[in-house]
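Structure below; questions to follow.
Which chain is which? They are A, B, C, D and E, in the order written, and residues in each are numbered from 1.
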C-alpha cells in the first residue's frame, strides 16, 4: 500500500487537479473563472506526461560527456518532454483565443456572467 | 494600460528592462542546441520584452519598436520559413522536412541536420514572437492603422 | 528529502488552484494563478524536465498572466462567484 | 512524384496557403480568394492522384522527416483516408467558390482573415485524416479546433457566446483526448497507431489501456456532437455566419467520426464499445425529435446533423462489414446533403432576409433553382431511392438486422419517419400555402440585404412584380449548389461502383471482407 | 482516479515507455532518441533534436497553431476604426 502511494501520489494529485478544473469549468459562472479551470485541466494533463518521463537515477536529457549514451536508463525520456513543449504552446494559444472570445462577448453583452448571458440570449 | 503611464519610475524601469529581456531571449534561442532553451522559449522572451514596452511606455510609443500592423505578416513569414524548408526538402528528393536532402550538399548529413534545426528554430522564434504580440494587440485593440 | 519537497509543491499547487477559483476579485485570482503556474514549473524542473519547466515558467507566469490582465482590463474585474 | 508525396502535400498545401494569404493580402487585399481557390483546386487534384496511386499500388506510408515510423511521424494514405481526404478537398473547393460572393456580403471587412482561417481549418482536418500518430493527431485537431472557434465566433450578436461554450467544451474534449493518449503511451511506450496495435495484445487486460480508449472516445464524442454533449452544436451553427457554417458543418463532425474509426481500428473494435451504440441510437432519436420542433431552418439542420452523426456512429460501432459500409456511405452522403442544404440556407438568408420556416411562403417562386437543389437534398436525407441517402440507410439497416439488434432497426426507421415529417413541413409551407400579397411587404421589410427588391414597392401591378420577384443567388454561388445536388443523385446511381471499388478496400482486415 | 493506480510507478525503469525494444520487437522511440540524437544531428540537447528533427511535424503544427491563434484573434476582434 505504502509502495503504491509512493509510486503514484503524483498521479493522484494530478487527477485531483483535473477534477478541480472540470468542476470549475462546469460550475463557475464567470467566464474568466471558466478559462482558469481550462488552464488547470491543461496543466494537469501536461504534468501527467512529464511524470511518465521520470526515471529513477536518470539525468536531464542533455548530453553529458561523462555519462554514457549507450545506456538509456541514465537519461530521462526526452519524448514526453518534447510533446509537452508543443502541448504548452497549444494550451497558451487556446487561452489566447478564449480571451478573444470573452472580450468579444463582453463587447456585445457587457457582462461575463453565464446565467445572465443565457437569459439574454434566450429572450431575443 | 494602452496609454502611457504617469509614473517615471515604471517607464524608466520598463525601458531599461525590455532590452535586457530581449537579449536574454536571443541568448536562449542560440543556446537551445546545448542546454534548455530553443526557438519557442526565445520567441516568448522576445515577445515578453515587447509586451513590457507596450505596457509601460504605451502602445503608441512602442509602435516604432514593433509595429502592430506588421506583426501578423511577420508571424506568417516565420511559418513560411518552417514550411518552406519542408517543401524544399521535398523538391530535393527527400521526405517532407528531411533536412538531409536540403540543397546544401557540401555539408555532411549530421551537420546539415544541425543547421537545418537552427534555421527552422529561427522561423519558430520569429513566428512565436510576433504571433503572441498579435494576440495581445488584438485583445487590447491597439490601433494599427 | 526529495519527495517531501515535491509533496509540498503539490500541496501548494492544489491550494493555489482552489484559492484562485474562489477569489471574487479577478485580478487577485490571476496573481494566484501565476503562483499556480510557477509551482507547476518548479515541479517540472524537479522531475528533470528543464526545457518544459523553463517554457512553463516563461509562458505561465509571463504571457498568460499578461493576457489575463489585458482581458480583465478590457472587461470587468468583479466576479459573482 | 506528386502522387508519391501526396500524403504530405494535402495538409501542407492548405497550411501553406493559410500562411501565404496574409502576406499577399498585405500587398493586395483582393488576392486572398484567388490563392484559396487555386490551393483548393490543387489539393483536389493531388488527392485524386493520391487516390489513384493507392488503388493501383496499395497503401502509401509516408515517413515525415525521413525517420522510420516508431521514431518519426507517419502519414498513412490508405483507401479509407484517401476517400475522406478526397471528400474534404471536394467540399472545400465547392465551398470556397461559393464563399466569394457570400463573404463579400456578410463579412466585407474580414475577407482576408476569413480565407486564411478557413484554409487552416481544412489543413487541420486533412492532417487529422492522414496522420498515423496519436500525438500528431492532437496537434492537427487543435489547429482545426482553433480555426473552428474563430470561424464560428463571427456572425450575429449571439455568436461569440455560443462559440465560447463550444471552446470550453472543445478544450475539455481535447484535454480528455490528450489524457487518454498519455495513458496509452505510459502503458505501451509508443504513439504510432500501427505500433500500438502490435503491442496491444500484451497489455490488453490493463485498466489504463481501456480507460485511455474511453477517454479518447469521450474527447472525440465532444467534437462529433453526440447526444448528451451536443448542445454546443445547434447554437454554434445557428448564430455563425452562413459561410462558416457551410465550411464546418459538412466535414467537421465527419472527420471526428473518421478518427473514431481509426482509434477503434487500433483496438480491433472491443466489445465494450456496444455502449456507444446505445448512445448513437439515443442521438438519432433525440436529434430527429428536436429537429422537428425547430422554427429556424439552420437550427433544424443542425439538429438533424446530431441525428446523422448518430447514424454514422451506429454504423461504426455495430462492427460488421455491412454497417461499416453504411457508415462510410453515410459520411459521403451526409456531407453532400449538408453542403447543399447549408449553401441553400445561406442563399435564402441573403435573398429573403429570414430563415424562419413560417415566413418561407413564396420561396419557390423567388428562388426556383435553389428550391430544386434543396428538395433533392431533403429527399436524400429522408432516403428516397434515386438519391444517395437511400443506399446508406439500406446498408445501415442490413447491418443492424445482421446483428439482430432490433432496437437499432427501430431507431433508424423511426428517425426516417421523423425526417419525412420535417420534409413535408417544409414542402407544405413552401408550396401549398397561398402566396399572399402581404408577404411581399414582409419580405421587403425583413430583408436588409435586399438588392433587387429594393426598387419594388408593394403597390406595383402583380405582373410587374412577378417579373422582378425572381431573385436567384448569384451564378458563382449557384454553380456549386447545383454540382453537389447532381452529385447526390450520381452517388445514388453509382453506389454499387463506389462500394465495390473503394469502400470494400477500406474495411479493416479483421472484418470478414464483404463481396458485393 | 482508480485507473492511475494501475499505471507503472513513477521512476520505474521497467515501464514500457523506457525500454529499448517493446513487447512486439520494434524499437521504442525514447531510448532510440537518447542513444542516437547526438550521432544524428551533432546537438547535445536531445529535446531540441526530437523537437526539430525526429518529430518536426509536430513542431510545425505548433507554429501553425500560434499562427492560427494570431489570425483567429485578428479575425474575431479587429474592426475598422471609424
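Throughout what follows, a contact is a pair of C-beta atoms (placed from the backbone, for glycine too) under 8 Å apart; a residue touches a chain by one contact, two chains touch by 3 or more.
All values reported here derive from a predicted model rather than from experimental measurement.
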Query raised in the report: Both chain C and chain E are touched by which chains?
Result: A, B
Report summary line: If chain centres are mean C-alpha positions, then the most distant from chain C is chain D
**Report entry** Chain pair showing more contacts of the two, D-E and B-C
**Finding:** D-E
Query raised in the report: Measuring between mean CA coordinates, which chain is farthest from chain B?
Result: D
Requested in this report: List the centre-to-centre spacing of chain B and chain E in whole Å, with centres computed as mean CA coordinates.
Outcome: 21
Query raised in the report: Roughly how far is chain B from chain D, going centre to centre by Cα mean, in whole Å?
Result: 36
**Report entry** Where chain A and chain E are represented by their mean Cα positions, the distance between them in whole Å
**Finding:** 15
Report summary line: Whole-Å distance, C-alpha centre of chain A to that of chain C, is 11
Requested in this report: Check each residue of chain A and list the ones that touch at least two other chains.
Outcome: 6, 10, 51-54, 61-62, 80-81, 83, 85-86, 89-90, 92-94, 96-97, 99-104
Requested in this report: Could you list which residues of chain D touch at least two other chains?
Outcome: 15, 19, 22, 64-65, 135, 139, 142, 146, 149-150, 153, 160, 185-186
Query raised in the report: Do you know which chain B residues sit against two or more other chains?
Result: 34-36, 38, 40, 72, 75-76, 79, 83, 86, 96-97, 99, 128, 131-132, 135, 138-139, 141
**Report entry** Of chain D, residues touching chain B in the complex
**Finding:** 5, 8-9, 12, 15-16, 19-23, 26, 62-66
Report summary line: chain B contacts chain A in the complex at 34-36, 40, 128, 131-132, 135, 138-139
Query raised in the report: Which part of chain E faces chain A closely enough to touch in the complex?
Result: 1, 4-5, 7, 9-13, 15, 17-18, 20, 29-31, 33-35, 37-38, 44-47, 50-51, 55, 58-59, 61-62, 65-66, 68-69, 72-73, 76-77
Query raised in the report: Once bound in the complex, which stretches of chain A touch chain E?
Result: 3-4, 6-8, 10-12, 15, 19, 51-57, 61-63, 69-70, 72-73, 75, 77-83, 85-86, 89-90, 93-94, 96-97, 100-101, 103-104
**Report entry** Contacting residues of chain C [partner chain B, same complex]
**Finding:** 50-51, 53-55, 58-59, 62-63, 66-67, 69-71, 73-74
